[in-house]
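Before anything else, here is the set of structures, which you'll find just below.
Paired with chain B in one complex and with chain C in the other, chain A is shared by the two complexes that follow.
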Partner chain A sequence: MIPIMQTTEKASERLIRKNKKLSLKNPERNGKVIVYSAAFVTILATLAVTIFLTQQGLQSFYMSGINPLEFLTSTNWNPSGSNPSYGALAFIFGSLSVTVLSALIVAPFGIGAAIFMTEIAPSWGKKILQPVIEILVGIPSVVYGYLGLTVLVPFIRDHIGGSGYSLMAGVIVVSLMILPTVTTLSADAFNRLPNGLRSSSLALGATRWQTVRRVLLPTAMPGLLTAIILGMARAIGEALAIQMVIGNTTILPSSLLDPAATMTTIITLNMGHTTFNSAENNVLWTLGLLLLILSYGLVMLVRFLAARRKF
Partner chain B sequence: MTDSIIKTENLKVAYGEHQVIHGIDLEVIEGEVTALIGPSGCGKSTLLQTLNLLIRSMSPNATLSGTITFSGKNILKGKMDALDLRKQIGMVFQKPNPFPKSIFENVAYGPRVHGYKKKKQLQEIVEQTLTDAYLWDEVKDRLHESALELSGGQQQRLCIARALATKPDVLLMDEPTSALDPVSTQGIEDLIQKLKEQYTVVMVTHQMEQAARISDTTAFLYMGQLIEVNDTTQLFFSPKRQQTEDYITGKFG
Partner chain C sequence: MNRKFTDKLATATFTFFAMMIVVILTALLGYVLYMGVQQVSWDFLTSKSSTFRAGGGIQDQVFNSFYILLWTMVFTVPVGLAGGIYMAEYARDNKLTAMIRICIETLASMPSIVLGLFGLLVFVNAFDMGFSVLAGALTLTIFNLPIMIRTCENAMRSVPIQQKEAGMALGYTRWRTITTILLPSAFPSILTGIILSAGLVFGEAAALLYSAGMTSPNLDYGNWNPFSETSPLNIMRPAETLSVHIWKVNSEGIMPDIREIADGGAAVLVTAILIFNIGARMIGTWIHRKFTSK
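After this line comes the complex of A and B, so read on.
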């Protein structure tokens, strides 16, 4: 039988007794244990990934005897040949160009959409644009890649030139993927500005556009740069969608219409068929380490900009 | 008979369905300091923002009716050019809010957006306006440093200078000292006294002592209505309405 609480006891008495029990348990200490362990696990995970990646990534230099200079500056990639070579410049170039070009494309659109949302049509923008952007963030990258593969690649092939599988296709797909991130973060940067800046500029007889261009845009600049850099961090790490449209050659592309590869696509394409601790496998870890270093660099840049923010 | 520079008749303001000003008739006399007093939410800040039509830009859901006459024209009627109006009616806000630009650029902002481009002309305006705001001596050696490095009181005097740079006739001030310490407050009050010689000032204030110290005319607002407006001394020493007396003697508000 289930023990039933005495019905004679008043509710108020019951509640008082319960409260006493709780206070005896020292909730202060319980809370501390929870948050400290959460912080500890997070730090430990980051450290573990960094240490493991560094150790694995450096193995290709000190164990497999790959020349670091060759790795960084040669475009000759042939790890499984009889006379293997490990030049990764084409992929480093591919990653950097996809990242930089998509950031250049997305910056004006993302910031423009953010200005529209926050300054020009706040009510309308929040009702329509905000949900649309949230949906865009939620679409998985494989869907972007699939769309690129079935729509963008044939379009480029038929109307612009080349096989369609190209650096350009990769840049466009990645741009679409990071556009919502950049827009949302830019809108946050504008929303963070104190209202007094808007009202005092308007009260001086400035137009809405003059207010945006002369006051709000320069003031929000560090926040906007942060938005773009976080978009770049997402771009440099994206693998799946790019891999579906970029063509995956090991040759340095000479135009936007040439196929190319990025560090991430090379890792995903080759990790399955290389044996652990072989030179061919180690060099993939080195690419991973390089990606980690690049994203650390981007994060440092974000921190630097955040320190310069005035609002 | 002194001339009124701004005159409102049956002015009504509503935010959406919520009416905050219920038909106000107020005359602002040229060359005077007019103080608007009243408890929080009485509509005094809304009234101030209506006089330069800033309310239309900041609150798109606000509807205005009645008339506001400024230099012979009803600014609520038809397509009044709000940008030109704001050049003639400047505004200073509660919190000092200089732009994160240099001291020079803050003052030059108004003239710049109204099309002044020549460097020499801008320099003259900046020097003249900062002198008018009694800030020139303190900042003349660091005009190109950030305005955010000034003290709170200096920032507010910079904001006043910024508003004066478009050569307005009227200066609206929305609780200009409520974010400042007593010494800075004193500085701003002295400045307002001096500005009176060249400008008409309409200020909202929470402190009745401030209204009594520096204004010529005081208007008491309550729940969106103008209860009493009179010569400041008259209003404080012999209020005609019971509500005014209750407010200034601290019975409510």
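After this line comes the complex of A and C, so read on.
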């Protein structure tokens, strides 16, 4: 009976079944397993970073008993005193002011240079400016920090005032760092716009500036905002370059020329010499968690803008 | 007349902005290289660093930078390539794909110091690797993975659809089309992407402070046993990289010739990054020309 049953099976069915056989020598299936595991690793890495840092970052509240409200709103930072207090507002303020101020400085320059690269001198921009700026994106942050330390800090001390180590030095160093990033991403936003927009505006008799201001800038706006936000993401996470020039005090700065500190600089400086799981160490992890949350927020903002993007 | 004038004014302003950016940034690079050239000598490159005395070099730090880079690439390239293939060829338009995309974007914009903290928490402490080459390389893998996946995805997508269709028409399976048609065509862009991201990894410091550590044991370059404490090949030893060294010298160095070491180190770092960047472009173009015989 059995041989007859085998012959009644259709050839196509037999071939389909043969293709799906469970064998290690099936490259089609192995390939699928490889690429799906890589995708899985990506998700796993993101989840692991989030979960571990959240767990460790919340310890200062439920293990060391620090009041979250005091942590966020007090400027009294004295973790090693006899009556320790953990107000991190000065660092949060430092991080936010460096990020916002540098974004405000960089936005006009970056977008202006992008307009030059894409609208005024496209061939020249593509051949020379774009490669130069892309190379500058890759210059390590310690190099910017070193330049800030050896050129900018003495300059501020001699010509503007104060010790030179200041919020201002931090803002300038970070601005220089994110300028290439914002410029290339803005240029991408302009390059994505269809040429029809430009030619129809010019055909109506508009000058180049009118075209840029009335047509291209509004259409490219979500892309340009994305460029600035990604620049801010880089600014808020920057640690070593700022640490080298900002002066690292624990007091809220009262002017741009005062030394200050950011969340990243205090983590950099104190993580090494505080005992693991002590209250003083736990607050640093909480600051790390706060950085993570802020960076998540910026990613959400980018996604929101991407959904509104037309081109 | 008025609007023509505004147009000219706007053109002049934007040109000025662009010129200023290029002038400032190239001046900064020129400054680094100019100051550094006076300090870099064969002796500086091949002698060990010194904590207290003048005249220390950067030999171990340069080696550590390349060694950590090598291991990072060993981990990142396969996973990034497979991830890129998944995103370009396998991912359907569904929730899973959307989630992976969010993950890639989140990882890409994560502050590197935060990744360094994760490395400290998980690789150094939980997996008990200590400050080591391996912990540093794994941390940098997370740092580099999103860049690599994006590069590979874009490279795969930029292959003309006709080539893929030709493969399908010949009866190739999906995997065979990918490995024999898409990958070779995408290879020049993938290689360019790998070298460019290697430049970023080479210069990264914040993620390494608390994963690869800020010290280096007394390395003996004659010792090739990878399990020996003093062997440069040992992946369980702490390894201070060049970037970390530049930061450490500048912010807490106590040797008398801080400025000289910082100048020289920064120049070496910038030169390496420039070589990575320009090399990537040249190799990419060269292979492309070779493959397409143009």
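Here is the rule we go by: the second predicted complex is superposed on the first by the 283 of 311 C-alpha atoms of A that agree within 3 Å, B and C clash if a C-alpha of one lies under 4 Å from a C-alpha of the other, contacts with A are read in each partner's own complex, and residues count from 1 in each chain.
Basically, contacts are C-beta pairs under 8 Å (C-beta built on N, C-alpha and C of every residue); 3 or more make two chains touch, one makes a residue touch a chain.
These figures come from a predicted structure and were not determined experimentally.
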First, second, both or neither for A:84, with chain B first and chain C second: neither
Which superposed partner A:35 touches (first chain B, second chain C, both, neither): second
Touching partner for A:135 - first (chain B), second (chain C), both, neither: second
Partner chain in contact with A:240 - chain B first, chain C second, else both or neither: second
Partner chain in contact with A:123 - chain B first, chain C second, else both or neither: first
Chain B versus chain C as contact partner of A:207, first or second or both or neither: both
Residues of chain A at both interfaces, chain B in one complex, chain C in the other: 207-208, 210
Interfacial residue positions of chain A with respect to chain C in the complex: 27-28, 30-32, 34-39, 41-43, 45-46, 48-49, 52-53, 56, 108-109, 112-113, 115-117, 119-121, 125, 129, 131-136, 138-143, 145-147, 149-151, 176, 179-180, 183, 207-210, 212-213, 230, 233-234, 236-240, 243-244, 264, 267-268, 271-272, 276, 285, 288, 291-292, 295-296, 298-299, 302-303
Touching residues (chain side chain B, partner chain A) in the complex: 52, 54, 57-58, 60, 82-87, 90-91, 93, 95, 97, 99-101, 109-110, 112-114, 148, 159, 162-163, 166
Contact footprint of chain A on chain C as seen in their complex: 3-4, 6-7, 9-11, 13-15, 17-18, 20-22, 24-26, 28-29, 31-32, 35, 78-83, 85-87, 89-91, 96, 99-100, 102-107, 109-115, 117-118, 120-122, 125, 142, 145-146, 149, 173-176, 178-179, 196, 199-200, 202-206, 209-210, 214, 243-244, 246-247, 250-251, 259, 262-263, 266, 269-270, 273-274, 276-278, 281
Chain A residues touching chain B - in the complex, by the definition given at the top: 123, 194-208, 210, 214-215, 218-219, 310-311
